[in-house]
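Take this structure first; my questions come after.
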Amino acid sequence: MNVVLITIISLGVLGSLAAIILYFVAQKFKVFEDPRIDQVEEVLPAANCGGCGYPGCRAFAEAMVKSDDISDLNCPVGGADTMSAAAAILGKEVAAADPMVAVVRCNGTCENRPRITEYDGATSCTIATSLYGGDTGCSNGCLGLGECVDACAFNAMYMDEETGLPVIIEDNCVSCGACVDACPKNIIELRKKGPKSRRIFVSCVNTDKGAAAKKACSVACIACKKCQKICPFDAITVENNLAYIDYNKCKLCRKCVAECPTNAIHMINFPPPKPKVEKPVAESAE
Amino acid sequence: MEYVLIVISAIFVNNIVLSQFLGICPFLGVSKKISTGIGMTGAVTFVMVIATIVTFFLQKAVLEPFGVGYLQTISFILVIASLVQLVEIILKKVSPPLYQALGVFLPLITTNCAILGVAIMTIQKDFNIVESVVFAIANAIGFGLALITFAGIREQLDLMDIPKGMKGTPIALVVAGLLALAFMGFAGIV
Amino acid sequence: MNRLTVSPSPHVHSGDSVKKNMYGVIIALVPALAASLYYFGLGAAIVTITAVVSCVFFEWAIQKYLLKNDSTIMDGSAALTGLLLAFNMPSNLPIWIIIIGSLVAIGIGKMSFGGLGNNPFNPALVGRVFLLISFPVQMTLWPKPIVSQAHYLDAETGATPLSVMKEGLANGETVSTMMSKIPSYTELFFGNSGGSAGEIAAAALLIGLIFMLIRKIITWHIPVAIIGSIAVFTGILHLVNPEVYAGPLFHLLTGGVMLGAIFMATDYVSSPMANKGMIIYGIGIGVITVVIRVFGAYPEGVSFAILIMNGFVPLIDKYVKPKRFGEVVKTAKA
Amino acid sequence: MLKTFSLGGVHPAENKFSAGQKIEVLPVPEQVSVPIAQHIGAPSEPVVAKGDEVKVGQLIAKSTGFVSANIHSPVSGKVFKIDDIIDASGYKRKAIIIKTEGDEWDESIDRSEDLITEVTASPEEIIKKVGEAGIVGLGGATFPAHVKLSVPPGKTCEVLILNGVECEPYLTADHQLMMEKGDEIMVGTQILMKALKVEKAIIGIENNKPDAIKHMSELAGKYPGITIQPLKVQYPQGGEKQLIDACIGRQIPSGKLPIEVGAVVQNVGTTLAVYEAVQKNKPLFERVVTVTGKSVSKPSNFLARVGTPLNQLIDAAGGLPEDTGKVIGGGPMMGKALSSTEVPITKGSSGILIMPDEMAKRGKTEACIRCSKCVSVCPMGLSPYLLMTVSDKAIWDRAEEEKIMDCIECGSCSFTCPANRPLLDYIRLGKGKVGQIMRSRTK
Amino acid sequence: MAKTESTLKNMVLTLLVITCVAGASLGFMYELTKGPIAAAKAAKQQAAIKEVVPGFTNNPGDEMYELTSKEGLALKLFPAKKDGELIGVAIETQTNKGFSGNVKVMVGLKPDGTIINYQVLEHKETPGLGTKMADWFKTDKGNQSILGKHPKKNNLTVSKDGGEVDAITAATISSRAFLDAIRVAFDTYTENQSSQPAVTNTSTEEGGAE
Amino acid sequence: MNQWNNFSKGFFKENAVFTLLLGMCPTLGVTSSAIDGLGMGLATTFVLVMSNLVVALIKNFIPDKVRIPSFIVVIATFVTIVEMTMQAYVPALFDSLGLFIPLIVVNCLVLGRAEAFASKNNLGSSVIDGLGMGLGFSMALTMLGSIRELLGSGKLFGTIIYPEDYGMLVFVLAPGAFIALGYLIAFINQVKKEA
């Protein structure tokens, strides 16, 4: 059994040696890294979408661990669940942020808004924007080249071939805001998802004067201020020839929808239209 | 001249990655960018040379005299694993930027069979200590050459539209295959 | 009035097209094709037609059934790959091997990467080297020129000047004694020697080069760098020991140097973008070719050399940039 | 060998249909819309109000900064309103709209045709005059001219280079100007030389205008220090950097201005405007515009007032052809495609190019075959194929590394690309983004 | 369960215990497999000898002796005897002239030097080309076979070099290397024939057998 | 059910070669024939199961700092056992696998499972996991080996399917290994997506 003995001894010595050296070196060169960063990172969705404003989930985790007050931080993808889970790790409280969703504020379909020129350049909204106002009379409206769709990492958008407008698939939307940043015309907005996903908003961003706007697009906001007057909650303001509904004030009474002469105000996910509402608007997301 | 042959053989003819199939995991894993490829090459070179030296003496001073050659695998890998961990710990403290650059690769190196493979091959080929070191360095260079070239191609492919099914690993493997194909031209030089 | 078109500038185009370039190269290959038909007759015709047809077919089939995108076979690039592949094969190669070669060239070499423009390696060479390694016997039996005009698989075979030289040198003979056993330089120049179908006639290939230079399909950098570096490198070796190393002219006129330098290495997709890069690439090919020929096991090295340098092109492109405007003067003024 | 710039370049078909057509004075339009932003830099501030009576040459909008320019009324009449109009690119722009009544010029303007060769004004006065007259670069860049004339402290100008290249195909305005107003341009050159305190001026003219070279060379004999430099036809020779390189063999370093190599470049049209401003006290309110195109029945060079509707120029050139597919403001390489012809011309309008339908559309975009032609034609030595890819994939740091900001947007790459790739479209996109990133960094 | 802390004592102890256990089991395994491994090795050698010099009754492995060739290569010779009479010798020969490195061949020679048979033991030649040497020179086709030939009487070089053996198609280098190995074996064997019997305890019959 | 999942994931969902891309060196290095691939796979499986077992047993006694060395020693022990056993009883296979047998010790798959699974799970699960992963690995190697052998030399498990002269030698060599695996993974990905 001599061989066995030698084996045991040599391996044993080797093992102990390794252990001793490792121990001392580890002692000497100790570096502290907050282990909570890893823990927080683990609960994050790892989408690395940048919706939180940090480059990647790890950076966000670092920010969460380092900052004392995390109320400004929000992971839009993970939502409240993720945030409270992360907060629990850090022993902090987190205020529940309202769930948001992206909406497209343009209804300039091919029908509503006739094309007056033809664009023939690279398929990119930004490039087209820097070139000219667009192929219709409305220089604010959607160009239909789909940059927002490309920007969406969650498969929550597609281009409607018929209308030439992007459509948001609500269930997939995580409100990361990538499409909002991508749109050079600032047509897409993150709005409060609303109770039962019901929302009302002005589906137009045209700041031209009424006549010009109407000429370019039949469903444009013409800044007639009728909605502003009828709104019982002062949620609507008309500025720069354009009406805007504050989603924090809107109580979803739908009066403005009926009042709007150009059907520029859209409502989403309401029960089938009562007789009062004459024409359900073409905005999809049904 | 012998050293030249060892070097040419290890780098071109019997390239450790492209014809010996050693170190494939890091070759595929950290070759997405040239810069990480360079980092990995640095780390591998470093560890490979030290490991080869240490295991060489281990073999000559312990295993052979005591007639326990069959402990080669276990003792070599123990040494290499400890060594890697050592390097990692030291690097973290001494040079954080270098650790940032190489650190992520270090744990990978333990399981980089190129290191153990080279250590064992050195013994198999019955090299002396100088030859062993030359051999280790040459293999590290060979590894780096393959890795960095490969990373270059992958970086370029990243900018292109590879068919969906081939994206990622499959196309990387095909590229590696074609590189290996090209390197077969060096056959017979040594 | 029509609806006005709005597009970013520029509003005019040179009229150049991918098609024009591809067909330009194909036209440039016609003299070499004629030479191969003259020397190898039937065999060359069968090989060329098989390769071109199968390459075009595979491209079409892969695009239609696997990638499911628009067919680009009309741009001529697949036909060109087929033609170049045929030029790189002996003219007595069995049809089934040619078809495998075409499948590899198009399937692995090109379409796996998404088709034209994406492949880092020259597809025809991928096919060729794949075959060379897979079927070394068939790929290294060369029909003798002229006498095998009317034969295909049953052609009488002989060795290429390069392998004659390599065998001889390996046997301890000297270059000068070997030179008498190979065709004269004139014969080599006009292609009267064994070899791949399209590589033999240097004269015909040079006509193609001149055509492509005039039509500005390629620039001079790559061919000149390759030919120059091979000439210089073999010249030095020849001066060191003329009995062991054959002279530059021998190396330039034999094997695929001309075909490689003019048509294979200049493949747009797999060569560098900047002129400086092209020269580095060319020198790399030249040096590796000579190393393989002189020191390696393969008598021919151009295909391997080009493939190897193809692998380095991304690195060259990344680190060798074109000369930028304003870089020179800075130093001049300072 | 004729001189030209050292890197890249292309030679598009010249198509100078309107060459040799005498400059025709266009009738004063009934109404003009004068945009308040016709130059690079801050928009001007209107100094007239609705209903005000104005005379030709009267200041109607004032420069609001150093890099900005005055605007003068091109007609006499009443200010109709100051309001948004839709400009050539379909966006709203503020403009002063004037209804014409007669043609009453400001009294201070010397309307005689006499050539005044003697330059009495001091350099400072010249620069002041040029600034007051609202002169901007008339080659198309519309950079305020007085800014270029004010050599920054610590720098000296060694040579004045005049741009008579007109490298854009189709356009002939500068060519015709040199033929008809050669003497005035010579005097203008003398004025600019005095302002810049240089002894030497070079007028670069491309070889496809042999008559202009001959004519100008003859005239140059009469004026000290002016030489004519014939140049090989090569686009974009009219680019400032390229022209300096071609004429004196100096290359401006990346991100620097021409003065860095001791040169100042002015267009010949601008030089004429300087002559008129300094010697005749006439501000910039009219310019020569080429109206041309393959199917235009009467390709012409017009002297038109700023603010004249495009339609009027097109009508004067024989009307909009049936097969019109595209209307371009400027030349075919760098000009802007217009979405409407109901827009006014501005100080920067060097030409109106009407393209028939079959030329209006771009070819089908194919995959990049890495032919490297874009690299070899890029006059700045960039790699357009790469810049396009990194812009498309939004890899901005790489784009900056690859010197995307050096791009002069000449379009040689897109022009050459055999695969019809929209290289410049994406490079412009990238330039915009990278520029933004760089600016936010300095903040 | 709480994890063991990383203290020095714990670390050393754990590794020590693990390595000791590992060492013990390995040592045990080694003892266990030592015999079979040696047997397997011997069996392999025996099989090779049997193939190249069939019909022996002795144990050539026991009578093995080594010779050094002119080129300085170490050769192993296994005398094969049938009933005490030398019927041939199996020579483990090698060459470094292969296409990619060493080629090791076991060749069986009759006492007079005639080739009985051979077996390729080790090589790194190109698969499909050089690898064919395993059978090529045994195949009775054209001038391929070297079996029954005598290196002195027959010019055992490839036909390209003026010899009478057909090289493996497209693998002339490997063929040359192979024939070189055979030559080395033959030369070394014949040259040392007079001196070798002293090395082993075999009788002098061998010398007479020639 | 859970254990079944643990076992079956190694074949498809988390196949070491096709999905996790672990153990690529032996995957490419010893698959020039189906039998070599199978042999390597089974050897690896043995090491995987045994080391998972031991690691699961001792995980709680190992201080963090020496975790990796300890695991590696455990693995190396089993590798050496396999090495010696093979040398003794299947010397032919031992010869053709060569260097790759000791290299099982650095197969990322083995250490990876020990680290990622066995050190966090109980004994039963760890063994089943090891078995599943190992057999999945064997399956992958055998598949690749079969493809290469068939294309390269016209054989399958040593049986001649078509004459060797028609085989594409490249598949027996290094480049063929990469290329064949590349397309195999692409194919598996495709199948997975459709499944």
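We call the chains A, B, C, D, E and F, going by the order they appear; numbering starts again at 1 in every chain.
As a convention for this text, contacts are C-beta pairs under 8 Å (C-beta built on N, C-alpha and C of every residue); 3 or more make two chains touch, one makes a residue touch a chain.
Computed from a prediction, not measured in an experiment: that's the story for all the values here.
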For chain C and chain D, chains touching each: A, B
Distance in touch steps, counted as few as possible, from chain A out to chain E: 1
Inter-chain pair with the most contacting C-beta pairs: C-D
Centroid comparison with chain F (C-alpha atoms), farthest chain: D
CA centroid of chain B to CA centroid of chain E, Å: 33
Chain A-chain C separation of Cα centroids, rounded to whole Å: 52
Rounded Å distance, chain D centre to chain E centre (Cα mean): 87
Averaged-CA centre spacing for the pair chain F and chain C, given as whole angstrom: 41
Contacts with two or more other chains, residues of chain B listed in rising order: 70-71, 74, 78, 81-82, 85, 165-166, 170-171, 174, 178, 181, 184, 187-188
Chain E: positions in contact with at least two other chains: 6-7, 11, 14-15, 18-19, 22-23, 26, 30, 99-100, 126, 128-129, 173
Where chain D touches two or more other chains at once, by residue number: 336-337, 339-340, 360-362, 386, 422, 425, 428
Touching pairs - complete list by chain label: A-B, A-C, A-D, A-E, A-F, B-C, B-D, B-E, B-F, C-D, C-E, C-F, E-F
Touching residues on chain D, where the partner in the complex is chain C: 7, 10, 12-13, 169, 241, 245, 250-254, 256, 260-261, 320, 323-328, 332-341, 353, 355, 357, 359-363, 366-373, 375-376, 378-383, 385-386, 402-403, 406, 409, 411-412, 414-420, 422, 424-425, 428
Residues of chain B touching chain A in the complex: 62-63, 66-68, 71, 74-75, 78-79, 81-82, 85-86, 89-90, 92-94, 96
Partner chain E, residues of chain F touching it in the complex: 32, 58, 60-66, 69-70, 73-74, 76-77, 80-81, 84-85, 87-89, 91, 152-153, 164, 167, 169, 172-173
Touching residues on chain F, where the partner in the complex is chain A: 65-66, 69, 73
Contacting residues of chain C [partner chain B, same complex]: 66-67, 108-109, 111-114, 117-118, 120-121, 126, 129-130, 133, 288, 291-292, 295-298, 301, 303-305, 307-308, 310-315, 317-318
